[in-house]
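Okay, got some structures for you below.
In the two assemblies presented below, subunit A is common to both, partnered first by subunit B and then by subunit C.
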Partner chain A sequence: MIRSPLTLALLSLALAACSPADPQQGVSSALANGVLLPAYGSWSEANSQLASSGRAFCADQQTLSEARQAFLTAQSAWASLQPLLIGPLAEGNRAWQVQFWPDKKNLVARQVEALLKNKPKLTPADLDKSSVVVQGLTAYEYLMYDSAIDLGNAEQKARYCPLLVAIGQHQQALAADVLDRWQAEDGMAAQLHGFPNERYAEPAEAVAELLRTQVNAIDGLKKKLGTPLGRQSKGQPQPYQAEAWRSKASLANLAAGLASAERIWRGAEQDGVQALLSADQSPLQQRIDAAYSDTRQRLAALQRPLGELLADPAGRSELNALYDSLNALHRLHETELAKALGIQMGFNSHDGD
Partner chain B sequence: MIRMPLASAGLLAIAISLAGCGEDKAPGSHAPAAVASTPVAAANHFDEVAAGAVVSHYADLALAVFSDAASTGKALQTAIDALLANPTDATLQAARDAWLAARVPYMQSEVFRFGNAVVDDWEGQLNAWPLDEGLIDYVAADYQSALGNPGATANIIANTQIQVGEDMLDVTTITPQLLASLNELGGSEANVATGYHAIEFMLWGQDLNGSNPGAGERPATDFVVGEGATGGSNERRRAFIKAASDLLVSDLDEMVEQWQAGVADNYRASLLAESAESGLRKMLFGMGSLSLGELAGERMKVALEANSTEDEQDCFSDNTHNSHFYDGKGIRNVYLGEYLKSDGTTLTGPSLSALVAKIDVQADSTLKADLATTEAKLQALVDSASNGQHFDQLIAADNTAGQQIVRDAIGTLVKQTASIEQVAGKLGLDDLNPDTADHSF
Partner chain C sequence: MKRRAFLGLTGATLAVTAAAAGAFAGWTLSDNGAQPLLLSARNDAAGKHFAVGYRLDGSQAFATQVSERCHDVVPHPCLPLALFVGRRPSPQSYLIDTRDGRLLQTLHTPAQRHFFGHAVFHKDGEWLYTTENDTSDPGRGVIGVYRLQALQLQRTGELSSHGLGPHQLLWLADGETLVVANGGIRTEADSRVEMNLDTMESSLVLLQRDGTLLSKEQLPERKNSVRHLAVASDGTVVSGQQYMGDPGDAAPLLAIKRPGQAFQPFPLAEAQRLEMNQYTASLAINNELRLLALTAPRGNRVFIWDLDSAELRLDAALPDCAGVGAVPEGFVVSAGIGRCRHYDCRGERILTQPLQLPAGLWDNHLRLT
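This part shows the complex of A and B:
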């Protein structure tokens, strides 16, 4: 909080000085309003729906199919946020509370079963004190889809419902809190509009972080595809190492993430990162446009779920072509776009895997 | 993004500056994200000759570290031979001590892994983890393996033939070559039959204590043949640990050769034939990748947030605190151009730190201070273990104070990563990724 009137006066002077014509500020502000805030709003809404769906399903007022649909919507909204994970949700362990992936050793099954064994009458407060592995969508997906669980069986439903309801409630509260932090008076959105602020000294820092987040997310999409394809394990497919393999939503999640990455590039009204390139950089702009288009079309052309595509050579060949396309897209951002904008990409959490 | 909260070290830049709205900056000439406002320069800022000397000394450091890893590896092999000659509590303890000593230089070598494909391609056979130990030997009934791993319970020691998926493999004769061929069996990276962690499992056995005190408790009698033998298939268990230690030694020797001076076609020769800029990039990439993605992320944050002892580095021996400490030490070594060798002498020479200081004293002292702080925070993990609380206890869901020790270490690693990025910017290296067409780190 800034309390000193003098500081405020200086701040507003500074703001006025750079607000009208700074293109970096224009992009930061436009992305906050046109892309990031709407996405966080949708995610929060999807989590409210998830919480009420869980309660309704457990009160026998909703079918399993309806409950699964609410889960898929929430999971897709989360996947959309990957290239937008800047600010509150990227801090502390909030993102971990939403999803635990990769889950190499099936921790979700082990921890869910151990939790319910210790706390058969689990309360939301118990869940808040538990491992992130059981707090989010990964555990919800396990309950909804795992072959070892039959929620059509009344006894099993009674066993798992306290956790289902608690996760819904936890996710709803988490999303509402994050959205508040975006919308607050001096919150995240405000920090992408007016400079300097506690987070960014100048618009260029905000743009740099938006770009780094987006590029790291594209790198993450490569990992989400490359891991089940076995690109780090002698080419042997690893279907169970995929994200969302239980709900068969791996490729849908990938598409949602890619679409958000593209929105950072384009902006809601052609006012995204691309607007920072000058006229003589238009060849680069066209190559990036073409790269998005290529990746998007390859993804849209896949007619079968990831697990099926991994099972035959033709499917794997399509997936490898998609990987190469994603890789080309990633490299264009990481090297050429970053260089054109004078932004150092730095290290990210995928380095060294 | 996966496991995002660590991702952007740039978040640390929160300094307020009322000046500098970028009044006269054209688009495309802006500051890097990591630290306030350092314009990224198009050209390198360092002295080529001095930089060449720094990279050459970096190769000397690598040689010294890998040489120590090889000599302590041989000491481990000798101790294992003594254990097999006369399996007692004392010889088992001596072998365990030799394993712990061998980890000290090896962990300091990890900073060379990222950036140098020759090390990264080689290390899987030495340090792959976490492993599905049921591939190797008997395990407890509640053992959990990687989903879909067809070799998770193959038990090489108890069987001369193992079924992996649709394939039946003959493992009658246990040799180093056989163990190497079984790595990533069936494509699962949890199938690890070689390296430090396979040997660790042989010496300690499963740690069945979860987040409670205690490490693995394999009895020496698991290596006895005849009267008093436990575990079963002991001849094969003896053959396994022997083969695994022989392979470890030959692998380490191979890496020493790659860093020897005066060899025309080894890795050192090709590294020094590259531009100094390329060498500096590899050094910085190794430091940053190990700091953030690997040590802070995969090795600490995952285990911490998931309260998962399965994601602990040295899970059988409860030596994780030391492994983390020496990983961090290795990062600091590379920056300072220093290494405390196993023989007690210290190797010094032209350092990256001095090169940076010539360009920007402040950036150099910031990174040096961060590296020192990280070392102190990692020392806190070691001290905690000395006081009876090991890493697997610190990450327990209800251990708030313990978790904070781990969180503090992660926080300083994240901070030092931002300082590494800053230093790279000062040197004029904005693209830090040394990936090549045929290798992705």
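This part shows the complex of A and C:
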């Protein structure tokens, strides 16, 4: 401990001079307004729809097919958020409440059944106190799609509906809370606009976190494809380790995540991370553009669901080519783009000391 | 400061005990003025390793390139020098003149030993104790004993750490009793790979300077590795753990040993435990404010608690946060990416300000002198 008084030279004065002309502040601001806030808004809206869909379905005012569509919309909105997962939703254990993946031991099915056995008249308050495993979209998907459940059967519908309604309500409340935290006066969006603030010392820190989050999400897309492909299990396909295998939305989720990653790169109006590259770095810009295009086209060309593609050699070969394309995209960001922008991807966090 | 009182220092004049006279011959204590000096290992963007010293206003005192990455820094209790301790499994540490960054000595472990990244100088300034690995029996914990003479450290012997894979060690308030975090993990020479995750044996050990074991305590979870420590002026020891088991397990990531009490989990709320991603890094205690600070770089969070009531005072985002040290107002925290922060904890609400130190690439620990 030092007892002598300490005079701190703080950055605030120096940074007060930062004008919007600061390119990093410009990108951070533009991404907050043009990409992140709209995505969080859509996600919150999709969860309101999910909650009302659950209630309507359980009141026999909506068909199963309509209820499934509301689920798919909410799930896709969540998949879109992966490359944008900074701030409130990345903190406080909130993301786990939305999705429980990977679920290697099929905990979702086991915990849903155990919960309903213990609490046949489950209330939303009961769910709020339960494990994150049963609070989110993964459990909702289990109810909507699992082959062991027939929601066309009135008895089963009565059994599962309290949980369906409670999950919808939980997700709606969670999403509304997160959106509030983005839009509040000193909230996340404000912290991406004005510097310094409680979170970021300067615009460069915000841009660095946006890029790291996006790059980690692209790495996450590799895992979401590589795990069912058996890349971590000696080439043996693991179709039930895929994200969203029950709703057969694995590839749609990948596409939603990829599209958001590309929006961080491009920005809503060509004002994303790419705007920070100088004219003499345009070859790198073109390579990244081309890499997005390659991955996007390969994904769009897949005509069958992931489970079917995994089942035959031709399908697996297409998926492996997609994986390689994602890998190339990831490496371009992680190494070349980060270096070109002078952004540190990580230093101590995997140090193990 | 205690150490000044101990040595009877006045102003910039150094009065030393007879035993230490040889070690300190020809040296005077530098007057640091009002600005503390922040010492840390740091990389540059090209990946080269440095031992650095900065004033908190951002002015650089020194940046000395060293051949291997360092971990903790051990300032000498009265001379302007510090040992930058090699990060495991480095066999090298660097004795640096903190006035100008001059490398005084590259300290090597003997054969079949390497540093684990931490060390302490005894309060008299003559003896240094380090945590080391006996690679002939990989993981067997050794406390290396070195003597400072004529500005050179000489190994004189070693003690047992009474455990596996010792990491941080510190003094209890008496300045004579060592507290050692035995991480419980066996690793080989030149390796950071764990060999015994299923048979880990971590412990918190108190021992006398002559190696006499005073106590050895364990947390119930076998895979919970006790790594880092902070000791308060009343002798309260806090430890930070890294849990090597399942990500879903609820292991206590902070533990506390109050004077005369058993080593036990610190009352940590579930929300904060989850945010740590099973991994804690550096700890510091502010004795005047009785606050405990912790960095959790995998969760990208900085936490501050009241040491006595365990009330949470701060839970803030700071990507890849690294070292933490106490200043009169609260704490200073460095980061592997982004700027260092100053947390003013004197008021009801903690005020956060970035510091004008270079951004990023700061290693796990910092020391303020």
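The rule is simple: the second predicted complex is superposed on the first by the 330 of 353 C-alpha atoms of A that agree within 3 Å, B and C clash if a C-alpha of one lies under 4 Å from a C-alpha of the other, contacts with A are read in each partner's own complex, and residues count from 1 in each chain.
The rule is short, and it goes like this: a contact is a pair of C-beta atoms (placed from the backbone, for glycine too) under 8 Å apart; a residue touches a chain by one contact, two chains touch by 3 or more.
Here the structure is a predicted model, which is why all the values come from computation and not from measurement.
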Check whether A:201 is in contact with subunit B, with subunit C, with both or with neither, and answer first, second, both or neither.
both
On subunit A, which partner touches more residues: subunit B or subunit C?
B
Is A:278 touching the first partner subunit B, the second partner subunit C, both, or neither of them?
first
Quick one: classify A:137 as touching subunit B (first), subunit C (second), both or neither.
neither
Once the shared chain is lined up, is A:82 touching subunit B (first), subunit C (second), both, or neither of them?
first
Under the stated touch criterion, which partner chain does A:175 make contact with: subunit B (first), subunit C (second), both, or neither?
neither
Would you check which partner chain A:235 touches, where first means subunit B only, second means subunit C only, and both and neither mean what they say?
first
When the two structures are overlaid on chain A, which partner does A:212 contact: first (subunit B), second (subunit C), both, or neither?
both
State whether A:334 touches subunit B only (first), subunit C only (second), both chains, or neither.
first
Those residues of subunit A which subunit B touches in one complex and subunit C touches in the other:
10-11, 14, 91-93, 196, 198-202, 204-205, 208-209, 212, 342, 344-353
With touch defined as at the start, can you tell me which subunit C residues reach subunit A in the complex?
1, 33-36, 43, 45, 56-58, 71, 87-88, 117, 167, 192, 227, 242, 271, 274-275, 281, 286-288, 297-298, 300-301, 316-317, 319-320, 322, 326-329, 336-339, 341-342, 352-356, 359-364, 368-369
Given the complex with subunit C, which residues does subunit A contribute to the contact?
1-12, 14, 91-93, 196, 198-202, 204-205, 208-209, 212, 342, 344-353
Can you list the subunit B residues touching subunit A in their complex?
1-11, 13-23, 25, 27-34, 36-37, 39-40, 113-114, 130, 144-148, 184, 186-190, 285, 288-294, 297-298, 305-308, 310-311, 397-398, 417-418, 420-421, 424-425, 430-433, 441
Interface with subunit B, subunit A side, in the complex: residues 10-11, 14, 17-18, 22-24, 82-83, 85-86, 89-96, 100-102, 104-107, 110-111, 129-133, 195-205, 207-209, 211-213, 216-217, 220, 223-224, 230, 232-241, 276-278, 281, 334-335, 338-353
